[in-house]
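In this document, chain identifiers A, B, C, D, E, F, G and H correspond to the written order of the chains, with residue numbering beginning at 1 in each.
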Amino acid sequence: MKLPEEELLSSGHRGCAGCGASIGVRLALKALGRNTVAISATGCLEVMTTPYPETSWEIPWIHVAFENAGAVASGVESALRIQGKDDVNVVAFGGDGGTVDIGLQSLSGAMERGHNLIYICYDNEAYMNTGIQRSGATPFGASTTTSPQGKNSFGEDQHKKDMPMIMAAHGIPYVATASISYPQDFMKKVKKAAEIDGPAYIHLNQPCTTGWGYDSSKTIELGKLAVETGAWILYEIENGEFNLTHNLRKRKPVTDYLGAQKRFKHLQDKEKEEIQKYIDAQCAKVGIE
Amino acid sequence: MKLPEEELLSSGHRGCAGCGASIGVRLALKALGRNTVAISATGCLEVMTTPYPETSWEIPWIHVAFENAGAVASGVESALRIQGKDDVNVVAFGGDGGTVDIGLQSLSGAMERGHNLIYICYDNEAYMNTGIQRSGATPFGASTTTSPQGKNSFGEDQHKKDMPMIMAAHGIPYVATASISYPQDFMKKVKKAAEIDGPAYIHLNQPCTTGWGYDSSKTIELGKLAVETGAWILYEIENGEFNLTHNLRKRKPVTDYLGAQKRFKHLQDKEKEEIQKYIDAQCAKVGIE
Amino acid sequence: MTKEVMTANKAVAEAARLVKPKVIPVFPITPQTSISEYLAQYVADGDIDAKYVKVESEHSAISAAVGASGAGVRVFTATSSQGLMLMHEIIFAAAGMRVPIVMANANRAISAPLSIWNDQQDSIAQRDAGWLQTYVEDAQDALDSTLMAYKISENDDVLLPSMVCLDGFILTHTVEPVDIPNQEDVNKFLPSYNPKHSFLDPKEPMTLGALADPGYYFEARHAIEIGMEKSIDVIKKTCKEFEEIFGRKYDLVENYKCDDAEIVLVAMGSVCSTIKAVIDELREEGEKIGLLKIRVYRPFPVDEINDAIKNCKKLSILDKNITFGIGGALYSDIKAKINKETYGFIIGLGGRDITPDTIKEVYEKTKNPEKDVTWVGLKKEDD
Amino acid sequence: MTKEVMTANKAVAEAARLVKPKVIPVFPITPQTSISEYLAQYVADGDIDAKYVKVESEHSAISAAVGASGAGVRVFTATSSQGLMLMHEIIFAAAGMRVPIVMANANRAISAPLSIWNDQQDSIAQRDAGWLQTYVEDAQDALDSTLMAYKISENDDVLLPSMVCLDGFILTHTVEPVDIPNQEDVNKFLPSYNPKHSFLDPKEPMTLGALADPGYYFEARHAIEIGMEKSIDVIKKTCKEFEEIFGRKYDLVENYKCDDAEIVLVAMGSVCSTIKAVIDELREEGEKIGLLKIRVYRPFPVDEINDAIKNCKKLSILDKNITFGIGGALYSDIKAKINKETYGFIIGLGGRDITPDTIKEVYEKTKNPEKDVTWVGLKKEDD
Amino acid sequence: MVSTGCVIKDPGNSKKNKTGSWRTFKPVLDKEKCIGCDKCVMFCPDAAINKDHDINYDYCKGCGICSAECPVKAIEMIKE
Amino acid sequence: MVSTGCVIKDPGNSKKNKTGSWRTFKPVLDKEKCIGCDKCVMFCPDAAINKDHDINYDYCKGCGICSAECPVKAIEMIKE
Amino acid sequence: MIEIRFHGRGGQGAVTAAEILAKAAFKDGKYAQAFPFFGVERRGAPVMAFTRIDDEPIRIRYQVYNPNYVLVLDDGLTHVVDVFSGLKDNGKIIVNTDEDFKNGGDTEVYEIDATKIALDTLGINIVNTIILGYFAKKTGEVSIESIIEVIKEVFPGKIGEKNATATMKAYEMA
Amino acid sequence: MIEIRFHGRGGQGAVTAAEILAKAAFKDGKYAQAFPFFGVERRGAPVMAFTRIDDEPIRIRYQVYNPNYVLVLDDGLTHVVDVFSGLKDNGKIIVNTDEDFKNGGDTEVYEIDATKIALDTLGINIVNTIILGYFAKKTGEVSIESIIEVIKEVFPGKIGEKNATATMKAYEMA
């Protein structure tokens, strides 16, 4: 796919230097084009793009709260469709917190009802807007301010909630995982999601320099490492059919990925091994060696 | 399993004559025994058992709201465990509305956090307490007061949200489906759920004379028909491993089931066929012929 | 126009049908449920061309309503009690975003203990939100107020959402005669909705729901205050237009025999009917008593109240809600704004029946006051 | 006892550590977040033996809190603004169920527009809920009030939850010196929690959270009113005990130079510090001005207020919240309960900075009043 | 006076509420026919049949489930 | 005066906010070396590189992603 | 103003009967109001409903404590609720029963075997409209024409026709 | 009372510096208060923080508008924000820079190359504590002993030691 020139998330936003969320949203909007209405949950994306009286959005955009992007999008979609505006893309962006935690129910309802919309979870694996607290998407072992390493704690003690599979269990026509470091794959999925009639869910892995603790220049590298180690698997599920979209020949050891980030710096071998084992199992499930 | 004699849901409750929910809860409590604390979401069960100053509960019980049984149970469980009361069963009962709709997020959070509790969804496939409105668990084609049959409508137009599979996608150690008409199977599952360390989810099909529209004496018969037609499949998923727990030799046509209930009376052949097809596909997925 | 015997819930549903909303996100709850049900049936039968959004909670109902209204269409929703409370955060957001949603609230007591019966605590607890609130007296009022709410909320000088509050069961489940306006008249009264200040359209991109730092927030809140102030005149004008077309007269308040009254009872909602009956009875006995019905509670009609009560000596305020340690909300609003000897009475919480005796006790206790605020109707052991 | 320089958030977290809660369900939100974070670290380091419940929302935070408190253990939680609003329904339920939860609320403006900055609308909007509310002036007050809140809430005569309200950023993010009591003294002051009225234990089965029909609901609400009333004495007693052990003196209100004042400013929270400084300045210029700080807003300390203001001529009430069309909540509560010439001022919404000039303008406008309620600090174009 | 928080400390006291009054049809069990399979006991929504298969008419609402599920038709429903 | 509902009707006006001031290191692109792969364009979080590979220093925050991802090392980060 | 109280069981249609009566009175040119006793009762449990009829608009909005008439849809209820409660001095009771109703005391009690009519005419035991036919005749408070009309409106089609026939039968039997 | 304003970028530790200063003043027996400018700024964006120091308890709680001192952690900021804004007449500015700072006008401006010290001593460009050493010496408002003590408390272990050394260096250089 040629990269569309149009910039629909304009410069001047307040994201951190090297912010992966901005990259993800820029790419998604390029894939969708101008004829799109966007909905955001409260979070980094919303705060950094719309401090009144400034906005970075070139397209219509609405934000209401942290927990209700799915329902707000349902309302927007319903209003557009009943007016006959069937060609307008409706896309909702929620952070991992706004999606897998506080916004889960609102999203589940929207998906269940069959609205023709796309929901993109930009997953930086913690509440970044409020300063790096754990979410249901925080991976095992990561130290965040609410799952801190401590005398009795090695960091987050639960594995990542498997949100794409939870969405797939909703029986919606399109579910995909993606990474900002694989922009062609991501944009293809966004386009597919837009073409499909009915709800589509894309879970976008998005490294965060501030929250993960790495130099701002390495955002893309980290995204690649996640995929190359199998910590993040790229696939899509179209009408129930599962397909890997990135073929991993040889998986790198997860330590390559963990070692590059401050949030995992404290881990002992024991935990690292548990993480490796978990990833091995996840990969095995989907047929990655 | 011998039926324990102890009645922990006492007579005198205000459930309809022939109420399937009461049967389900009675059986569950028999399986769990006295050393149990129960949590309820608002709904038929709660309203019929606890009109102040009367209660039908012989065990400790708490209700706070419609949407938060999962979170309330989390608090109860945490309080019991931190006091060292590790042997007390914690069981939450939510209706289908309180579980798959308004209480989904609260439940998802509880499951994710790994509390050692059992959540039982007593599924009568609509909001019965408020007079038969659709829920996310209402099956395709059912006429309810908010998914009514009408000039432009054949009733509910979405298939049942696949809640057990959504729970399974959470990666919890135990998920099972059950039916009040298969009490041994159900009670065995409840016992297993109690023995497992960590969260367990049981989705209990429970015919409702008032909401489904059939004679009060047929509650058990309807539950059997659901299973015999494949409209409700009995299985369990233990540590990720799926097992059918009721082997269906020959499936009855779903019309046997639909025809016995007023909520499906209006359906045309077209919709009935779609339902049959959907059931066939669901059965095929899990290896039922 | 046809006249039919129906519940206030049906009357509200009929009003919703007549205003032709495009999106209807609702979630059932006693005693609002039948509103949800009638509307579902209208949509199922093609009687309204609207999208009925079967949301999974009230939180999503109001959220979808804000989304749809933000997208520029007319929206209707309805709720009650626990449902309204679950919406709380988004109730405030809707006002701040200036989306002219109309919502019916079937007034019901709040938990705990759980109660499905009537009082007005639910909507009273939202009185800071920046919504307009009308408390209706009967089913006709419910219908008419719903129609008017759209015209008022959508007015450019107002642009604040409206809540039409009807007493649970007492109105929602009671049938009585209602005039149903015909569609042409309603179309004349209420043209279709064409928002100027905000809508979501790729042809004219706008950003809705921004963050405002300390440099802007204060002014944004003050703008709501101004909208609230201006709504008083808009409501008066709307009532006049309504009367011209439909022949029924409404105002922010109703003055029932206040002019020569020594004691004026002040109340909201369905209890006013019973009070009027009692007043007539007491007047026959020579008592100088009147009723000031607060029909529109937000905006709070200070001038209209002052005007109606100018001649009386004492006010007794009947509240179906309580702020613990203070008294009822109407009581404290009146005390804050009106200079008159005033007594507060808490009545009818959680469906405690309000009979003529209740009203007479209020009257007696205003004549011979013992305390500022009195709970009337408590069981004896509790006194 | 050690003295350290810390934020009020840290001070609250220290208090929470000292009361040894057994369950801590919290969800982060600016500007409360660091409370969540400190507590997570304390638990991670084994400094408290508690279950830290990483809930997925504030709704679940308060729900888990009710569940845990219902199960008979001491519970701490904290939130702010949107989070508190999302809890709304369960806030009321908690009071009705009479569970003595203590929650810190970092006061922050409410959306829309979204704001992370300070005002007090969030907790004010919960003033009907049946919770006790303390508005603290500084970090020390935040710590001490949290300790006292448990003792008060858990008192058998009260059994209502407590909210400790601290101004966002102005206190939560400002470091200043704080005395941290030692554990032994705290243990003496606050014994471990042993509920009698309700707990979940298979050995003594109870049913919590029942439905109450019109035969019972009214009395159940009235029982909260009684608890609220009785809490006044309990608070006074608790403050005395606190002073005996820790040497710091607190009361429901603070009378700062009111006795000979002609004009008394009434306010809550951190702004009182600035006001005191301004008063000292104006007193030097010969102005007869005083401050009445409302430290405990619920229960509303009517007698204490009356006592403090008995000699003054006028009151000016400073509210960091607004009920559109009425004025601030403190203003209307005072008007409802206190008989004195009173003016209301809306200040500081959404973090609009409150400077000595703001206070002086309030004072001037009280001397030469133009309207009942004035917004002070609006940008000029908006006036 | 209501209890604080409306807590109910008398577990299972709904037995005060004699729901037998709701009944229009009455199950009559023929112990001769009964084979003791306990289905009726298991399925009674109102816990109105005890282990000895005595029906407690104070609570039986007359739903007819016991009768319908009895494999040997030992329970007959008769109009009250 | 704020707009009603704080609606912003000037799409993309955050361009007023010159985030170039945030920068400590500055990317310098050597057009000689550039092979036009567009990676830098694609990955810039601030849309600060246009299709002709000109860097807009008004907005570039100096994150260094373009430099790190350029396959031919055509972009160098230098201290401002 | 006259006040009527209905006793039935959840599911028997007492509320509908009260509403039909109000609608019929309105057709007769009167003012009317009807409402259920607001409870959480389930199918089978005893329930109540009320109708008020007057020549003037009805303003009072509280429970009916002293009815002029009491209509009992199911005689079983007479054993479990006090159907006489609050009845006005000259009040009347109509009970659906096939027995001789003994407990009347001073009160005028009318018996009608509405169940028989229901089973004969409708094939099911639903008596809520039927008893209204009897009421119309016995009390004259409302016209049978209006009752029949409303029944047909409330139950369109065949069910309405049948109900109307059954109701007429009761009227004629009274 | 003296008031100090810090300018830095998100992530540079301006808030921590303000807090350390307050804690040090408290150790010196004074009263102190410190707080950030409350914004939503991200890493890299200009931020501010404030400290107040007094011999009496500090009661005022509003922004610092007229600081006695301004400390600038990054000279790049001088091009984008008005670091002189509101400075008291006899106020002083301390800027971390390796250049000669020209724009002082009447104001007394001190320059220190804290970045060099940071890179030399800590190996990274974090100057927030370092500039406090310079401030202590140049202004005498707070003792260097207290500054060093607090630094070691706030950053326990090796990092604290290193920071202390760097800060001491700046103190000695001043």
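Everything that follows uses one rule, which is that contacts are C-beta pairs under 8 Å (C-beta built on N, C-alpha and C of every residue); 3 or more make two chains touch, one makes a residue touch a chain.
Here the structure is a predicted model, which is why all the values come from computation and not from measurement.
Between the contact lists of chain A and chain F, the overlap consists of C, D, H. Common neighbours of chain B and chain E, by the contact definition above: C, D, G.
Taking the CA centroid of chain H as reference, the farthest chain centroid is that of G.
Set side by side, A-H and D-F show the greater C-beta contact count at A-H. In terms of their C-alpha centroids, the spacing between chain A and chain E amounts to 54 Å.
Distance between chain A and chain B, defined via averaged C-alpha coordinates, is recorded as 32 Å. Rounded to a whole number, the gap between the C-alpha centres of chain C and chain E is 46 angstrom.
Between chain A and chain D the centroid-to-centroid distance comes to 38 Å (mean Cα coordinates, whole Å).
Across the assembly, chain G contributes 38, 40, 44-45 as residues in contact with two or more other chains. Multi-chain contact residues, meaning those touching two or more other chains, occur in chain F at positions 1-3, 5-6, 8, 11, 19, 22-23, 61-62. Across the assembly, chain A contributes residues 14-17, 19, 46-47, 50-53, 55, 57-59, 63-65, 67, 101-102, 104-105, 108-109, 112-113, 136, 209, 216 that each touch 2 or more other chains. Interface residues of chain F, counted against chain D in their complex, comprise 1, 5-6. By the touch rule above, chain F contacts chain A in their complex via residues 2-3, 6, 8, 10-19, 22-23, 38, 41-48, 51, 56, 58-59, 61-65, 67-69, 77.
In the complex of the two chains, the chain F residues touching chain C come out as 1-9, 11.
Residues 5, 31, 116-117, 169-170, 173-177, 270-271, 273-274, 276-277, 351, 353-356 of chain C are the ones touching chain G in the complex.
Per the touch definition, chain E reaches chain G in the complex via residues 19, 21-24, 61-62, 80.
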